[in-house]
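In the two complexes that follow, chain A is the common piece, with chain B as its partner first and chain C second.
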Partner chain A sequence: MAAADSPSAALRRDLCSRGIRLAGKMRADVVDLLEAYVEQQGLDASASVAAVEGVPLAAVERWDEQTGTQRLLENLAAYRAFRALLAQMLEEQREQLGEADAGLGRALAAVLLQVSAFAYHLEELLRLESRGIPGEEEDGPPPPPRLSLFEQKLRGLGVLRELAQWAVRSVRDLRQLAKPGPATGAAPSPAENP
Partner chain B sequence: MFSRWNWVAYGFYLVLNICSPDASSGLVQSCGHIIPESPVLALGSNFTALCILNESCLDFGNIYASQIIWKIKNRLVPKEQYREINRTVSSVTFNDTSALATPLTCNILADGQIEQNIYGITVTVGLPPEKPKNLSCIVHQVSRFTYVMTCTWNPGRHTFLDTQFKLRYSWPEEIFPDCIPKDVNNSCTITDIQFFVNTEIWVEATNALGQAESDPLVVDPIDIVKPLSPQNVSVSSGVLPTVLKLSWENWISDAVMTLKFNIRYRIVGDTNWMEVPSEDTASPRTSFSVQGLRPYTEYVFSIRCMKEDGEGYWSDWSEEKTGITPEDQPSKGPPIWRIIDTSRSPASCWTVHLVWKALKPFEANGVILQYEVTVRDKSSLSSPVKKYNVTSTNHTLQLPEGTYEVTLIARNNVGASPPSVLLIPASNSKAPVKNLRTLPKHDKLWVGWTAPNSYVLKYVIEWCLVSSSSDCIIEWQIALGDVQGIDLKGIKPFKCYLITVYPLYADGQGSGQSVKAYLKQDRPSKGPTVQTKKVGKAEAVLTWNHLTVEEQNGFIRNYTILYKTIDGNETVVTVDPSKTEYTLSSLTSDTLYTVRMMASTDNGSRTGPDFTFTTQKFGKGEIEAIVVPVCLAFLLIVLLGVLFCFNKRDLIKKHIWPIVPDPSKSNIAQWSPQVPAKHNFNSKDQMYPEGSFTDVSVVEIEADDKKSFSEQDLKPFDLLKKEKSTSEGHSSGIGGSSCMSSPRQSVSDSDEGETTQNTSSTVQYSTVVLNGYRDQTPLQVFSRSESTQPLLDSEERSEDHSGGADTTEQRQQYFRQNGGQDETNTDRPCFERTKQITHANEEDLVGFVQLQISGQSSQPLGLGMEKNTQEAALSRVLQTCTEGQTVRPETVEENPLSVDEMPKSYLPQTVRQGGYMPQ
Partner chain C sequence: LGDPQNLKCVTHNLHKMLCTWDISSRGRHGQTDFCYTTNGLTPQVCSKTKERRIEIPVPESSITVTIKSSGTAFATKEFVIHQKDISFVPVTPHILSLMPDFPTSTLNLKWSDNGSVFPYGLDALWQIQILRKEAMEVVTQVTYYSKLIHEDVILSWNWTSDMPLECTSHYVKIRCYINATHFVGPKDWSDWSPAEVIPGKDTEPGVSGVFPLDPVVAVGSDLTFCCVHEEDQRITNMTYGSKSYTMIQLSSRSHAIRVLNASVSNSSGTNVVCRLENGLEGSVVFVGYAPDIPQNLSCETSNFLIIKCTWKPGRSSGLYGKRRTKYSLFERTSGKNVSCEVNEVNKDHACGFPVLPDQKTYDFILGVSNPIGQAQSSLLVDITQRVHPKPPEKLTVTGNNSTSIQLRWFINGSFAGIRLLCQTEISSSHSDRKLHNVSMPGQKSSAYTAQLNALHPDTKYQFRVRCSAADHFWRWSDWSRGVEQATSEA
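Then we have the complex of A and B:
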């Protein structure tokens, strides 16, 4: 309880809480953005998209066995990738549509900001864990190959779908981290598997 | 010659220098410049400027730094602030820039005191920006997904300079674009706001003199959100008549923030809002059932929201939506009362007006369709129960006198109300309430009473507006039996209300107790008009009419009568308000009074018009009291006089009609003047030797015709005119009255006054002395007499005493009479003389008039008289008694007879009737 009352614990709790709500809002916004994106790009919502290169999959087999640090690192890697992908999407969007659809561009920019903000939350949590923050250049995804317009649209659809899933996973990860436990690095109990 | 050309060239150079727009790049080069160029200075700081002359001007223009003068806006800067640094540079220093103005110019005072401008700069003075304070931000939700953050701050003091403000915000790893305010300097709105990340916000202010930053505000924008109010609010009614369900939609998804709510509602027409307890709506939801509402009542609802944890701001209230709760059966029966009218009913029969009040909406709980009235005659069990269905709120019945029970039920769509029961007893014989009283309470009139000893079911309070022009329209209200006072609403101020309270018992009704009351009193709207009913000498009866109840405006506590005379003080009398008449007493007679009357209530007075009246000069019966005694006294005096005269008739007769001796029987009738006597009128002593008087006789000569007053008769007057000194001797004793002395004295000179006085003191009586009576030679001597004693008396007495009376004694008697100053002594001769005057015929009067006309005034005749006091007294008495001049002719008339004509008259020539009988 004493640890829970320390400033670092309070900050950690606040960061987790804020991150959870940010991830929740990000998911909601991404879901809305997906609908707008599919409609705007003329895609089928049920179209299957291959995994986006450079983005770790949200689904993991032994999720409940991960430590807190692992969760944070995986989340950070994923959102850094999403930040780059979304920035590229935003640029492509502006190139394609110009100012014709400012609403979709604003929504993309808003999600991009949320991804950046969430990445900031994760970095702060890692600092509280006294862990070094991996360099962005080293872990960042390679520059995407030049794609056709349709491929760009499909990739964008895949990015958004994966981001929506990651948002769900991040909420659960942060909730797991927010629980007062003996050690954040310890693996959670199996009962708390998603 | 050279110098002249030099000056011409210098002037030309200066003109070109001034006219050149760009001296440095133009044809003509400037002679100098100022450093610094157009500075911006802090207000209050010190400042130094340098004016640097070009070398070329030194040689050509022959000007140096010592000739430089500084000016601020054409105002010379004191030379104490100058400093000549070298031959081409001059500086000026200002300790306080607030004294600076634009432009600051550098000028040259050339030879000949010609002032020429070299250069000028613009000086801008201002303040560095202050640190912006009180930075605060709020995030407004604009649409479902759009939020804007507006931050405001206090920009600080005015800087007098162009100051730029920037709102800056950043995340720890990301700096966002600045927000530049437009048209204002104290707020800015950021549109791309992101939640769930602490954002650092601050304000930068910058101008030419510096820069300032506010303290940073670190906040997660989600914590300062003012959300949009819930939309699509709807109200629906359910099965329960006291519940309405409120539904709405939220603008914010739960992913962003969860909300709590406030719900408020009110009855349509009411202004007071009620709120659902906040703890009931502290969780996210989109509907809520409001309970505890009134049936069949229209409500207005409104809702607002904010972040569930209380961080941020409440949204605005949503649009208002209304809903009506379902109907329910009436909650109570209508209050019922009766008004029994016996005046328009036949004997032993009532006209009963049943009246009841419509239920209030919260009691009716729906639309009342009809009322069911049931009347049961309790005095006769066999009488059938009568039922009436009524849609209005009154019903009139003709009922025989008796005891009745009336039941009233109100019915709506849902059901019937509980019955209201009214017992109408045959007589109100129960105990009334006690101590009925009223008390105004703002716009209500409180009526209180003390309950009777018996248990009272309820009270009926009747009231009506008392009016002098219309009937009392009764209003009524029912109070429960456990209260002892109610507030009457709708009471108008300044109006009189008659309030009656009836206690209703289980088995009857008490008699009513009444009281009059005002909610608010004012002074009367007019004053009483007073007038007099009766006005006397010292009192006046005033009368007036009571003010009508509409004019009173309150309880008339008293009347005040104010009355005064025109110039007197006002007297105030207070009169009981029940009276309409008052008697003013102790008034001054025959005086104009002004009276007015004032009616007073608790809140003021009003005076009526003035009325004036005049008190009478005499009181009632006062004239009679004066006139009647006077008349009676007069009559009494007259009566006494008559009686006196009657008793003294002999004496009166003797004076009025004295016994005139018959000359035929007189001794003188035997006398014949054989030897005419010669009279010497010049010497009294000779004429009237003392002791020569032996007898006194009076000879009265009647002149029957005018001849007796012939011219011869008047000759003595002529003689009087000529011989005033001798007139005394010619005064006639004929007539025998001292009053005759007036004319005699009138002819006396003042020189003779002493003589006359001496004479009068010694000779008071004129006597005709006849010496040689009968056989003797008669000696005719005329002696003047001052006696007032009638000669006739002397004659009579002389006769009575056979002419042998002692003259001395007789004279003494006369002296006594004359010497007396009492009125009897003076009146009597007057009276007697007056009687004698009455014998003077008209011819005598004419003779007197002729005497006056003849030019000899009678006034001088009286001058000598005044020297004799006794004669003067007598004269006064004479004038007083006679009140005319009728006496004078007599005296005047007698004189001539006794002076000149006397010797002739003694001549026995003619025997006249009643005259002398010649012997």
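Then we have the complex of A and C:
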């Protein structure tokens, strides 16, 4: 018979599963947004975009060696960065297009809302681990360099592509966290690798 | 014996001429005595020179020159030079400045016409050559005309390139020809001036990109875009929108494409993409229309507080966001200007202008502009003749008996300066709809009443009211909400 869950473990698992659903929904919306963005901006979907300054990379080395806290902290930092990047994109969208293509603006705003919600969800998980929530940089991220319109378009493409990757990674991270096992501070023993 | 020969004289300013000669044999040549007299009456003017050139005045008609060269032996030769033998070649013009205006791809050239050395009124021709690319190919040669006024005048000339100045270096040279009609000798063009250069971005180390950057242009334009890249970067292709274009090489670091008759772009612009071996460069071009002249400009007031002007914008410019078409309403009498918030998508083109104290007549100019052009419409209007009230509010019955009913309503606005005409619609199941008009002095945000007589006893009536200006009718307000009331029994 399985040992009775402690209340915090049950809460953690619940938060993780809700986080997994949120990340899954977010990913679907980001993929739709990416498609609409590529078309509306007249971009080539296969265009290779150099790493965009300020966009956190989802790819991580020795993913399986990360502790639960590291996963949460990296996820939180990433989604805070995406929140700022998406807000910047939304502002540029309004400046460049005004009321034209309001649909894309609404879709962008919806994803921004989800990213903000997911960041808050990660903070909840960190609180549960009685981990301090890293403060946000006082005056937010440094203002992005002044880009030309084409560079803005490419950056937007890079942001959305990477955000879609992060949503996948977040699902894997949260599944890892949801597993019963040692406190999140310790790395999972090799036997438990996914 | 070293005889002086081949005496030639050239004037650059019609006053002085530079004469040069040869000595027929080699041998050692010492000093030369150069003497001249213009018409045999005036005394000879002599001077010594070691050079075989000397500057002397240009004669009215002819001049007799005696050249005595000393050397191994003395040789003297006399020449008679007629004005027709003297050639006139103006001094090489000097470019004062060559200034680029990158946003408009325009070069501004300034030079001095050096007119002070010439008599008043001579016609001058200036040939200006524009060259481009590393090979300095001649792009165009233009002739510019001016008249000399015996003063040094700075002439200015603009040229707009068909490609962005950033794309490659542009060079300018100039030469001149002066039509000295009174001068009988042969006349010729001056030498070309040294070339002035506006370096392209393809000469700046570390610079790469597509030019022009994020331009706004008119539909139908022929456009040239260039991709400036590093020397070692191989360029794969350049596309405009989804179409690939044949590239023209401008220099080892610059390739261009030519897009003809550009069509309107979508709201996010048309991408011009330069694919390099390891990277992308790009620009976004917005192709749209200059604003049409606004049609059916009409202005009215509903409350003598705000004048609302409406118009038909005409064709959409295809430009959005910060490039959208902007409207402003300028009133000439007061000099007041109002910028209008217009939603470019849902097309409600209206603008509010405050009613000004003690001003009935308004001389409006609706200005329209976007990055491609501008237009305007004007309207002179007396707003007391353009009253279109809001629908009356709070219509209530304030008294009734068997044959009459008294109504009361409220209209928002300051109508103190005019008379109002209000119309009551009386409906009942027994009789046709009747209209009852009443006019009254307008007031400021006030209630108004009307007494309706000759009604049938014990009858249920429906009433609604609308109002307009009594004098100079313009438009009825919408109907108020209805109210129902029965007359009492007889």
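By our rule, the second predicted complex is superposed on the first by the 177 of 194 C-alpha atoms of A that agree within 3 Å, B and C clash if a C-alpha of one lies under 4 Å from a C-alpha of the other, contacts with A are read in each partner's own complex, and residues count from 1 in each chain.
In the analysis below, contacts are C-beta pairs under 8 Å (C-beta built on N, C-alpha and C of every residue); 3 or more make two chains touch, one makes a residue touch a chain.
Note that the coordinates shown come from a computational prediction; the quantities given were computed from them, not determined experimentally.
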Practice item. For A:Ala47, select first, second, both or neither according to whether it touches chain B, chain C, the two together, or no partner. Key: second
Practice item. Check whether A:Arg21 is in contact with chain B, with chain C, with both or with neither, and answer first, second, both or neither. Key: first
Check your understanding: With the two structures laid over each other on chain A, which partner does A:Ala102 touch: chain B (first), chain C (second), both, or neither?
Key -> second
Review point. Does the superposition put A:Asp32 against chain B (first), chain C (second), both, or neither?
Key: first
Check your understanding: Regarding the shared-chain residue A:Lys153, is it in contact with chain B (first), chain C (second), both, or neither?
Key -> second
Review point. Of all the chain A residues, which ones make contact with chain B and with chain C?
Key: none
**Study point:** Contact set on chain B toward chain A in their complex
**Key:** 145, 171-174, 192, 194-198, 220, 222, 253, 255-257
Check your understanding: Which chain C residues qualify as touching chain A in the complex?
Key -> 209-210, 213-214, 241-242, 266-273, 279-284, 320-322, 324, 343-346
**Study point:** Sites on chain A touched by chain C in the complex
**Key:** 40-44, 47-50, 94-102, 148-151, 153-154
Revision key, fill the gap. The answer for chain A against chain B in the complex is residues 18-19, 21-22, 24-25, 27-29, 32, 106-107, 109-110, 113-114, 116-117, 120-121, 123
